[in-house]
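Sharing a structure here in structure tokens format.
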Amino acid sequence: MTTTAEPQVFRSPGSRGLWAWVTTVDHKRIGLLYAVSAAVFFLIGGIEALLVRTQLFGPNLEVLSAEAYNQLFTMHGLTMVFLVVMPIAAAFTNYFLPIMIGARDVAFPRLNSFSYWLFFFGGLLIYSSFLLGGAPDGAWVGYAPLSTQLTEVVRMDFWTIGLALLGVSSLGASANFIATTFTMRAPGMSMLRMPVFAWMSLVVAFLLIFSLPSVTIGLFQLFLDRNFGALFYASAAGGDPLLWQHLFWIFGHPEVYVLILPAMGIVSEVLPTFARKPLFGYPFVVFSGAAIGFIGFGVWSHHMFTSGMGPIAEAGFGVATMIIAVPTGVKIFNWLGTIWGGKIKYNTPMLFSLAFIAMFVIGGLSGVTHAVVPSDTQQHDSYYVVAHFHYVLFGGAVFGYVSGIYYWFPKWTGRKLNEALGKVHFWLALIGFNLTFGPMHILGLNGMPRRTYRYPEGLGWANWNAVATIGAYVILLAFLVFAWNIVRTHFLAKGERVGNDPWDGRTLEWTTSSPPPVHNFDTIPVVHSLDDFWHQKYTEDDEGRAVRIPAVTEGALTVDEETGGGDESHEPDEDMHMPSPSFYPVVSAFGFAITGAGLIYLPWGFLGVGVGVAIAVWGLFGWSLEPVTKEH
Amino acid sequence: MATDTTEIEAVDAGRADHGEDHIEHPSPAQYWLIALILAIITAVEIGASYISALEGPLLVSILLILGGVKFAMVVALFMHLKFDKPLYRNFFLIGLFGALAMFVVVLLTFRAL
Amino acid sequence: MSDAAVTDTGHAEASGHHDVKPVRKTAMWVFLGSECVFFGAMISTFLLYRNTTNGAPGSEIFNIPFTSASSFILLMSSLTMVLAHNAFEKKDLRQTRVWLIGTVLLGSTFLAGQIFEFTEFIHEGLTLPASPFGSSFYMLTGFHGIHVAVGVMLLAAMVVLSFSGRLYDDRGLNVELIGLYWHFVDIVWIVIFTVVYLLQV
């Protein structure tokens, strides 16, 4: 990180190396930490998926024990949802939300650091279970009473406690992003001038804030049932396991939008940039995103159509689920409208975004079939459902995030990822993905249940399973190419060096250097319109074509029109006091994690709880009492 | 989701003039009065729950209404939501009514209401 | 819970905007909105299991006069809290301290009452593993109690700060934010007292 000579940025130097990363409160560094963690977990979760697929390659195989299989599919789901897609979304939000709205950091930099470290320790805690008697094996949804009955082992406690920690982390991050968006926008950056990605991050933050508490309560109830003899889900004593499904899905369904909306935001940034046209119907994209979030709270029971809720509830939730297809469809049409007639550049980020649309439409359409209750009753817990949500979450969300990585990699590192390798990655990923998950539709409709350890010969499932497993290895190959591309470009420094604005972008992050300085902007920009940076670079001729304004150099900062346009009055802001690094957030997060670990091993774990609470309280007190910016 | 432009302008305005515009909060004497009203309502609630003639839906509605009045008074007057930015009110009300709506539906599916 | 304690200092100042306060207040209100769902889930669990007593004692063992007294105490702690905030705004350190201490005492009394009530109930056979009714009752009132305890600790920390003259340092939490949290804990109890106690007997 370099500091420019002028203006002066006061920021205590802190330590270098690893300690600087541990104590960092810089939103960009925290974003990168999220990204690297997500990449590591993506590798682990991918290996788990490959093991599962290998077991299912042919009938009656025994590559894994049934026990190991249960642990692997549970951990695959858990990892991909909570430790890969959520953190990669958090990585993008952390890095770009403040820059996109013209702020110097998030509202609470130390809370941001705390959120990251709590996520990190939570993930570590969940994965430590592999070494401590076995990983959680009750599926990522942890349905009671299966999850409450395995009391002789601690496996599902790793899951309850781990998820609770991740939940607190997400709550902190979400409150932070909401406060940032509502209070720290640059002058002129009204809500309807915010980039769509910032909007989608805001909607996601609201979804998490209002849905996580529900599953947190459910997790506590499960924990009390498992460890203290509570009877929330004990049907013999009058408890009702269905309550867990409600509490879980009240969170779980908005969670689906938490995973997909940031990817939609990324696509809404990438498409206009490479189609060289403004986003078609910006307010519609924004409001349909908000509508998806809002309606998303009213559809949770469509996961429970086979639980016997009765025809009225089923009809109601079925209709609500169909309605949610409307704002989603609006977005699809807006994206198509955006690329329609554009001068499309087919580079890697664009290809992934276009594939996102196609794959997401397939996943969305199979989703609508679940809204039809009689049809859903047939598909429930079959491979058809597995196919559906992988089309949405892999072909949808993951492709969107990969597109974002290609798009913003130059901003992170100052180097472009290699285009040729990128195209190899793209085509392998697209083909591998469809080979893997396309056949699962057929398998599901032929009756193959999900979470199947082994299947006999003669059911007609063997061939499609073999195809799916081969496809999974093609995906592996694709992502190895991707990993090599990143290593080559960044770590071997062979990537093409680029300036501030390699893609001729539209949003504020392209006005600052690559990578951005600690303080993001020398002068806080003044925003005059949507896509402000674009309008500084281009004007329209009589026929509505974009014409470059010659005077403004690439990456120039906003010049206030009233102070005389062309005159480069680059008055840097007064001295900026960036927050000092702090190790209290990581201490507090560590205390929380130790507390959680102690809870898993009750009763003697109470010792750990005591130690953990003491550490957490020390961290929180130190945190509240230390000044934000230390004197020199 | 709090997209009303007036709120946005309120946020912007709040930022421009370095802090909050101070609308008069109640005075200590008024706070004592509010507390007195809250105490009286509580007494009425407890009394009502002992009157056997009120059993059933009537008692339930009386208690829910009185509880709601107390709730609203504390939120509006002690927590200053009546005087503060509409933004805060929206955050809180989304949570409150969202939770209410969702959990009423949950209880209805169990036929427990 | 401790989320309230992790509210950071107004970094907005560091980035050129000078309105420190609304940043934290915005986050606090978002947090309170979230807490509505948190308690909503527990209250609905209780309502679902309100009659599932499995032969163990149910709502008939509630001691309404006793709980009414402790509810009244918690309600009045909201008054002392708002008076503390009022004095804090007027920079009246002595008055702020007096009302803060009053709030701490009332909150502690409420907690003591709750501990007494729990002991009584356990003696009469209403325990966490006794029935789904017991499980949901203790979880709901227990979590509320933890919230009160956290509030008491935060207020006590403010009292200590007031003696070292650092109450106005504006680092992390301040009297106003803790006040919002405290009133919220009070209104949750208003709901619990009505729905769990008065409506069930």
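Order of writing sets the labels: A, B and C. Residues in every chain begin at 1.
Methods note: contacts are C-beta pairs under 8 Å (C-beta built on N, C-alpha and C of every residue); 3 or more make two chains touch, one makes a residue touch a chain.
A quick note: this is a predicted structure, and the numbers were derived from the prediction, not measured.
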Relative to chain C, which chain has the most distant C-alpha mean position? A
Of A-B and B-C, the pair with more C-beta contacts is B-C
Taking each chain's centre as its mean C-alpha position, how far apart are chain A and chain C in Å? 33
Roughly how many whole angstrom separate the Cα centroids of chain A and chain B? 35
Roughly how many whole angstrom separate the Cα centroids of chain B and chain C? 16
Multi-partner residues in chain B (2 or more other chains touched) are 11, 15, 87, 91, 94-95, 98-99, 102, 106, 110
Numbers and ranges of chain C residues touching at least 2 other chains: 17, 19, 22, 26, 30, 33-35, 37, 40-41, 48
Could you list which residues of chain A touch at least two other chains? 178, 182-183, 209-210, 214, 240, 243, 250
Given the complex with chain C, which residues does chain A contribute to the contact? 103-111, 114, 168, 171-172, 174-176, 178-179, 182-184, 209-214, 216-218, 220-221, 224-225, 228-232, 234, 237-240, 243, 247, 250, 524, 573-574, 576-579, 588, 616, 620-621, 623-629
Taking the complex as given, what residues does chain B use to touch chain A? 1-3, 5, 8, 11-12, 15, 87, 91, 94-95, 98-99, 102, 105-106, 108-110
Please output the residues of chain B touching chain C within their complex, sorted ascending. 11, 14-15, 18-20, 25, 27-28, 31-32, 34-35, 38-39, 42, 45-46, 49-50, 59-60, 63-64, 66-67, 70-71, 74-75, 78-79, 84-85, 87-88, 91-96, 98-100, 102-103, 106-107, 110, 112-113
Quick one: in the complex, what on chain A touches chain B? 178, 182-183, 185, 187, 190-192, 202-203, 206, 209-210, 214, 240, 242-243, 246, 250, 287, 290, 293-294, 297-298, 300-301, 309-310, 313
Chain A contact footprint on chain C (complex, rising order): 2-3, 5-9, 11-17, 19, 22-24, 26-27, 30-31, 33-35, 37-38, 40-42, 45, 48-49, 52, 54, 128-129, 131-132, 134-136, 139, 157, 171-173
